[in-house]
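What follows is subunit A paired twice: with subunit B in the first complex and subunit C in the second.
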Partner chain A sequence: MNSSQPDAISGLAAQKRRGKSFSGVTEIGLSMIQDRKSFFAWLQAAPMMLVFALFFLLPLVFVTIVSAWDYNEYEMIPAFSLRGYTDTFEGCVADLPDLCTILKTYLKTLQLCLMTWSLTLLIGFTVAYFLAFHIRSKTWQIVLTLLCTIPFWTSNVIRMIAWIPLLGRNGLVNNALEGMGLIHQPLEWLLFSEFSVVLALVHLFTFFMVVPIFNSMIRIDKRLIEAAYDAGATGWQTLVNVVIPLSKPGIVIGSIFVITIVMGDFVTIGVMGGEQIASAGKIIETRLNALQFPAAAANAVILLGITILIISALTRIVDIRKEL
Partner chain B sequence: MSSRSKSHNGVNRRALLKGAAGAVGLAAGSGAITGFPYVYSAEPKVLRYLGTAVNEGDEISKKCLEDTGIKIEYITATTDDVTKRVITQPNSFDVLDTEYFSLKKLVPSGNIFALDAKKIKEFDNITPVFTKGQLPNGKKIGDQGTAPWKVLYLEGPNSKKFSTTPTEFVTLIPTVYNADTLGIRPDLIKRPIESWTELLNPEFKGKASILNIPSIGIMDAAMVVEASGQHKYTDKGNMTKAEIDLTMKIMTEAKKAGQFRAFWKDFNESVNLMASGETVIQSMWSPAVTKVRSMGIACTFQPLKEGYRSWASGFCVSKAVSGPKLDWAYEFVNWYLSGWAGAYLNRQGYYSAVLSTAKANMTPDEWGYWMEGKPAVGDIKAPDGTVLEKAGAKRDGGSYDDRMGAVACWNAVMDENDYMVRKWNEFIAA
Partner chain C sequence: MTTTAALELVQLTKRYGSVTAVDAIDLKIPAGSYCCLLGPSGCGKTSTLRMIAGHESATSGDIIVGPKNVTDLPPAARNTAMMFQSYALFPHLSVIDNVAFALKMKGVAKAPRHAEANKLLELVDMQAYAARLPAQLSGGQQQRVALARALITSPQILLLDEPLSALDPFLRLRMRTELKKLQRELGISFIHVTHGQDEAMALADIVVLMNGGRIEQQGSPREIFNHPRTEFTAKFIGGHNVIAVGGETFAVRNDRLLLKKPGEAVAGPSIAGTVSEVEYQGTYVRVAVAADGGADISAQLTESQFDAANYIVGERVLATWDPALASPLKTRNPVTVTSSEQAA
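== the complex of A and B ==
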């Protein structure tokens, strides 16, 4: 599909060019053809659009509407009220210079997000580079890519519980370090800390970085790299001036995956942080569990807004549609 | 496959269906001949049972099918999701297994059917803990929080208001309850623990835990605050805003000082924390203590001088249930109270609502160990046959009267719930 699209576009452009030199009658005929073509294009896109509108846009509209409703102990009241929002930002002005709950939470979420993003990018890029340029055989590329999915072979819960025997107070790492005489007290920050949260997130989501970057890299024309080498570029110069710019779409897509998942994650942060680290998703969950749906919806709208801001900033840097 | 052979298959299938229908008819007919009262009884009796995993044992549904012919289909969800489901999808279940404190949210939604006390055979034998707030021996027990007897009765069959005096319209038939306290690792603490204040004792810095379910967590926090003498609550289950602020302030300070290793939300998390030695003192539930012990690790459900935080659950029926299904629901509830299930629950360390019928289904030694606080004569076994305690062991906290008699408060939904939830989020973010 990717390859046929540019063909179709260039075909249309060629028609346009030709159309100009012809008389008016032909032009009308051509524009009719174009109309019909765009009609079929819309028709082809229609099923996806329908699914998107029904299962994504419509619920989103509902969430936004509900976020401006009132509520009591057990039900939503369809009357306009911004309580969900005002409650959320409670104390943000009064508590200055201290940060209010929501700002603290978002700062923490953004901080975790940034750490996870930079680590997954670094590791994901390296792995993808290795797969794309150092593994010659297609079979091995596939086998090794599949190996990257290992973290997904067990359920979320089991995977996270499995960290305790490894990083816990009496876990493998602490026992090994003590055995080697490097430490005398077990390291407490290994588990239920920001360290363990970032570790688990990186472990889980590096894969989402590897795949799109690998996909971009494998489409880089190998002759470009040979040309750079022939022109006397060092390995580093080739990486910075050829490989990275051409992998940008993959990097941006991977970043969008990782950032959106981490911004909304509360299960990993909850379990690995010992439920002591706040996250934007956790606030929504607590509100939902207390049946305060409008307040939860308001928080969801805020989270969505912030995530969209980040994503649109990213797509400003790289125009994915142009690069694909 | 060609279209021709497809249609051929179609004919075959239809013929097969006809035959099957005939066979069913024959079976139904022969059933009538052999003395079934009416053909209607051929319809399977199925009840959709919504609740948390804790009470949804396969053993219970198997035994129920055997005794009554009612097939129980479990729908499992977390405590919070159960409540959500009742309010948003009342048609998706028949029988609801929930806690009394949830009723403050469920009953006003109008989705709960008012059960007729006269149709519950053992209703008058339900322990007075639920109906009067006292032990069978007459001793009054703590009534702070959403105590069951405050929300047991409705004013009328379609009322959304709780009645303060007994009526025949019952919201929730009690089945199982317990008195919760702190769990400790006696092998790692190595000294007696007697008060809730120990949860915030700096001696256990980085080794304590509390549960991250706001409505229950705040009650445990209140037990700690009151035990330390910093404040005496009028009702721990219904705090004022100022009381919520104070409680959360004390907990926040402890959190910032690194008192807590982790908070837990799920039964298995609490078991893991305790068994791995990450924590040595924490809020805990009775079956979790049993599970840690069955792993061969010392763990005590420590009785404390300030008393227990209690909870109770039972069966509601959805307002959407009617006709024969409603009769099965009554039949199921009656079966549940008739003894076998009660004994099953008692053997897990819970308490059953009708004590007399459960007693008849337990051995004197089991009854003595679980209910009377007597040393076990033989080994005490779990319902699945694994040995829980060796002969000579005594239950933590002693007898039913000792434990239930020392209840200080009940799980609750506060009037200021909305404010409390916000403050809890602040506590987690601190």
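== the complex of A and C ==
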């Protein structure tokens, strides 16, 4: 599209350099140059394309195909059937107005997702704001941003186990609260509860909010803040009318990270929820363990569909391509 | 329609750590005047403007707008408005929302604030672009929007931070004329920071020439051009030769320097030198002379004056001037032009 113009110009320049050469020869040379250019461009993109095609697109195609296969208790049968889907939604119509298991599970997943998203957004925005507007030196900005990566310095498993001595029945928090006389018996909801799930998710994924929002914020011209102040805006008005609208791309990108990860998560929810909380990811895991691959695949397709819906709704708000 | 107020700075000082950016300046600008703060970069002109605007706190001293001491007031309470360098328009807001921004902050409802903003857009001839985003406008158009946005609060003093520096030379001349016209029509004070002496000369009722955090000289452009008091002023304002004769330094306008051939009668002071360059400039001819003391001086001759003598490079000449038209300079630095011939 755009590249054709510079190419034409460089072609003209090449023609001039060659002087009297026949136009036919020049054209061949030109198209060869173009071919070679685009060949190298494709070559550069090839490794990533290959990885995507082999390990993402192809499996996705398989999953979609398998989701429409039949199965029995111990094997899948390569014949078209929507049993995977119908089994998943079994009883959903009959149970109305009560919610069936799958809908309840998705609602719970969405609820956890919403809680995690709003908390990571709130904390991430605040931290990014602090980094972008209150820290003047670039070095400190980098140092403090790196500090936000601390949760990633250990493996997921170790990190989650580490919560137990802190939040457990006889953990530090309960002991401290009891010691202060604030409570008389240990708080049960600290661990293996929705609270601990959200806590772990927020702890982990706030960083995914901080980075894109910070990236949007440092691009805000500081004079815009002054211009708002000059126009009589209060700090809060400046935040609402200038900073937040201009941070939107970062907010949306961060939200996509957090929402996609949390929607599909089953490890954190499993471990931190004491295997007591059902989630969309957990359903897939259970089906897989039961070797009901078509049903697992059907659930994966449903989850993918819902996640894509959420993301496309988010990208409606902001044209991300403009910001990259 | 609009009211206007005088501005007074009293011993205004700004220090950044140990660096003094603005050093106890006193300045009075009458209501309704066009004032240019002129000076090289780092002279303190922008700091002064930002202190008047309220975007920089004064280390000491006072800023008085009309009858009110505004030194410690926030920008919006000072009856001033600022037009930022490269305009600082809100990129996510349409032209009309940019202009109406201050009214929105005051809680004015959408319909009346858009009506008011439209009036301002009409003033700067930009109504047709009301729905556009700043990025879809040219530099000159952005500037008009920035002007409208600054004017919507009906400020008594408009502060402009290098408003023309982001424009190409052609547009700069046009917007310069428009700024002056707008100031005349609105009748409010404009305080305009610039490092271009031509801009200041063309626009200002009062030029305040700053150097090293102090006011070097202030006055009307004609006063400053005809009576520079310091060597810095004479050099910065341009069009002058700084000549030292007998321990005193004078500034002599290029077009008031006369050249004589050796042997011609010379009335008044003079210095000898060699013609080093002759440049034809259309309306005048510039003759550069390397004075014997080592200084370079240049004379601006009319075409007929030049034709009468027809100086050529390498020729010996005497440069002379009417002492009544030379401005004696207070020099802080040692005299730059040393030895000179003196005629009776």
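Here is the rule we use: the second predicted complex is superposed on the first by the 262 of 324 C-alpha atoms of A that agree within 3 Å, B and C clash if a C-alpha of one lies under 4 Å from a C-alpha of the other, contacts with A are read in each partner's own complex, and residues count from 1 in each chain.
In this section, a contact is a pair of C-beta atoms (placed from the backbone, for glycine too) under 8 Å apart; a residue touches a chain by one contact, two chains touch by 3 or more.
From a predicted model like this one, the values you see are computed outputs, not experimental measurements.
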Please tell me, clash or fit, for subunit B and subunit C sharing subunit A in the overlay. fit
Touching partner for A:Leu246 - first (subunit B), second (subunit C), both, neither: second
First, second, both or neither for A:Ala231, with subunit B first and subunit C second: second
On subunit A, which partner touches more residues: subunit B or subunit C? B
Going by the contact rule set out at the top, does A:Asp221 touch subunit B (first), subunit C (second), both, or neither? second
In whole Å, what is the nearest CA distance you get between subunit B and subunit C after the fit? 45
Taking the touch rule as given, give the residues of subunit A at its contact with subunit B in the complex, in rising order. 73-75, 87, 90, 101, 104-105, 108, 161, 164-165, 168-171, 188, 191-192, 270-271, 273-278, 282-283, 286-292
Hey, which residues of subunit C end up touching subunit A in the complex? 53-55, 74-76, 81-82, 84-86, 88-92, 101-102, 104-106, 149-150, 153
Which residues, counting only subunit B, touch subunit A once they are in their complex? 80, 83-84, 87, 104-106, 108-109, 206, 212, 214-215, 255, 260-265, 268-269, 272, 276-278, 413, 417-418, 421-422, 424-426, 428-430
Within their complex, subunit A touches subunit C through residues 221, 223-224, 226-234, 237, 241-242, 245-246
